[in-house]
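For clarity, chains are labelled A, B, C and D in written order, and residue numbers in each chain start from 1.
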């Protein structure tokens, strides 16, 4: 019986970096969390403790900070592409470099309709995200978002499902649909305007969620994925995670009061967990 | 030697409630977390296990849901006032009722400049908050917010502080100032437009933060509190918690690169913790 | 109308420090989070931006690390006392120094009944805690713990409470009692064996929780506080926070199955929140 | 261009369930979080909103609670096997049922060396975990743990790694090695004593971590995986995630004090992230 190393990777996670970009009439403030993961010829590091091919994660971290000065000037996708290429081409022992970047959104404060030059508010849970993966044979960019809270107060039903001996859920033609959406889509190319494309897909996601007459989370999920693919030839496939953040009607009737779909218990756990990938045939 | 009960309270925390308010042309969606705390004649509950004066926290929770139907129609302050009064006047054994309400912000989605009727995005960490405290002698409303992320990229200095043998921090005339602000202010009356007052104070807080030439977090904190008091006769005092969320310049110089105040390490811990109350004389 | 500074404080929070103490036959590993808060003559810092009396929080942090080498050798109480005294006596502008220390527990691994010399497991949510407050007139030590999960599967009832129109809770003579306990007690002196006293009180807390025939959380809370005071003359008063982490019987009966107090829904929110201080008369 | 549904799944997550098992002389208390995920013939649910093959996640939740009464009597693996089989065999439209169970550890309190009958402490971050996956062609059990905090104060080095222009990390023959370990191993069979096997592997993991002379996290990870495979013929492969929770020596030297590897900054982020699977050849 022999034992050997299977799939493995290492790198530095959560390299928290902020940058001020000074424009002529205002400051831009960016805050990201970068994670680097490297795969390659690391067998003897595991089996012998031979570190001669190990680029320390501390060095990876420093590299991210240094390269951010010249190369983090536009989207996280462009910065991710630079970093992935840097680590792959400077380290012959590395066969795959994977860069993940989360961006925390900061907005310029607005007073009397005017964006202020250098003050910002932050704090949205929604984070933009990209994963860039480069190997000897090519580079792949996936982009998306996480922790986007979406909710609609009508145009959502759930009916005609299986009933068995453990079913007590009541069918409803009108419920709250709420989710903390995570979406990632794979691009067919790296030669595109990542900012404009992202904004277009983001709007498409929100627009479809809002306007869809939902018969289930699954159907809404599919509709969003389909719309993104229909509108964007540069997107190869879309993966969505849409947990069902239940808002359960509170039983006012037990106290002689009618609940006309007004008062709900907002719950965290348990939650429905609906995931799906929409692809091109 | 005798032993006795000192200060005590009990109630239900985190009553998570959502409500749809249906207007003629759109839906309003509200989500709050209500906490009830009661003080009163509860000595024998502690010393004898006599529950005859205990209103169960489960009943408190139900009460919140039921009363929300008729009485949660405008601000959290108005709902808090109703609840505090309800618990105090219906329970003679209660000498003090304290209601705390946190509101999670949801925004209507906007497409082509138009707010959509029934779809929302959420997810800001900033939460509006009120604490209503009622006793036999009166009622007090404090309002505020928590988890408001604020940041400015210039107009912040920190110089001329004490240097001792453990000082290594460099003085700077231009640094990032960032905080996760918590603010609570005490109103002198319950007869006011809580919504308009809140919005006015909120703007004042942001405006002062943005425009202040900061020599320290302390000075910015005081300036914010002072401005709120100057602008709002109905505010008795303002308490602010402004942790210093440090963005530390990354040492690019060790790699032969200049850091012109561009690239920073965004840190979570440790953090400066600056608190203060600004009062009228 | 005049405006002025009220209560205020500042300092460095979450100074995360670990230490190896090398004994003859084994290593001891300690991990703490230290928070410093200073009050004093800081009015002009707030009103004028005059930092001449400000000891930077960065310096406070360095001070904690440096002093840990010689002075963090036994309990967190002794280290806290040293730090509070250091900051107060070295800074004439400081009128009150407050040191809070949380200790994360690490246990030596045991193999075949023998504690191993230098390997540890951690990960309990329970954290030991102390708050040392020193002013010109004296020093006060409070100690305790937080996030201690306690649960008993019987000897807990809740009956004979108020019933009103919103009551649906059923009385029970046998329920699960679970809490995430926070306890802090005030010592009458600093001249005591903090380690032995803590261990004695800790045992007393657990023993009382386990053996008490509980008629309510309030009664259990009081019994614990009373027992600690009875057993420890050096304790002046005990404050306890005992949220009721509800385990709600799942309604199996709706599926034709009997639930003999066996199967429960473990909930997080909402939760009962019971607090009380037990004092000497 | 056609668009279609790719990989998808749905189910109920975080079904938080507790159970009292009453033995002759003591109570056993168990608390688990169960997540169900189903794959199968759900295309029309996505594309048409046809819910006729959808078993609601609410029903899944009820099923877990009901079946826990008779079938959650020993290990989480046995319960997971029962649940996976139940969902697969009762739902012809389901092609794969995946059950994940996390168990929160509760320990009986001990007084004077005796375990008390019905009182418990909880609160370890370490959680036991299993994933059972059943399809028409068979069933697979993976078991493991997460959030296990491990630390050693010596017998850990990191030297002889690559140095480049961004390297500042100093080589060290003696450092703290700390990790929050996640481990999952795949069993070759379902016919085994899951409890005894788990305990044996758990000990093996700790023993290897403690006794290994570590030249890197990678080498320690591999040593642990190898040892588990060597000792347990029923284990097919082991996957480990061992983030490097850095304890960085504090620079006391800048204050004229020597740091003999005693005082460290305990950091959370960034962190090294080392993952690997050890397999049989």
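Convention: contacts are C-beta pairs under 8 Å (C-beta built on N, C-alpha and C of every residue); 3 or more make two chains touch, one makes a residue touch a chain.
Remember, it's a predicted structure, so these values are computed and weren't measured experimentally.
Of the two chain pairs examined here, A-D and B-D, the one linked by more C-beta pairs in contact is A-D. Separating the CA-averaged centres of subunit B and subunit D is a span of 37 Å.
Between subunit C and subunit D the centroid-to-centroid distance comes to 29 Å (mean Cα coordinates, whole Å).
A separation of 24 Å divides the Cα centre of subunit A from that of subunit D.
In subunit A, 16, 62, 66, 166, 168, 255, 268-269 are the positions where the chain touches two or more neighbouring chains simultaneously. Under the stated contact rule, the graph of chain-to-chain touches is complete, every pair of chains being in contact. Across the interface of their complex, subunit A is touched by residues 165-166, 168, 254-255, 268-269 of subunit C. Residues 1-16, 35, 37, 42, 45-59, 61-63, 66, 90-91, 158-162, 164, 166-169, 214-219, 221-222, 225-226, 229-230, 237, 243-244, 269-281 of subunit A are the ones touching subunit D in the complex. Residues 16-22, 27, 29, 31, 62, 65-66, 68-69, 106, 109, 111, 116, 118-126, 147-155, 176, 180, 203, 206-207, 209-211, 247, 250, 252, 255, 257, 259, 261-268 of subunit D touch subunit C in their complex.
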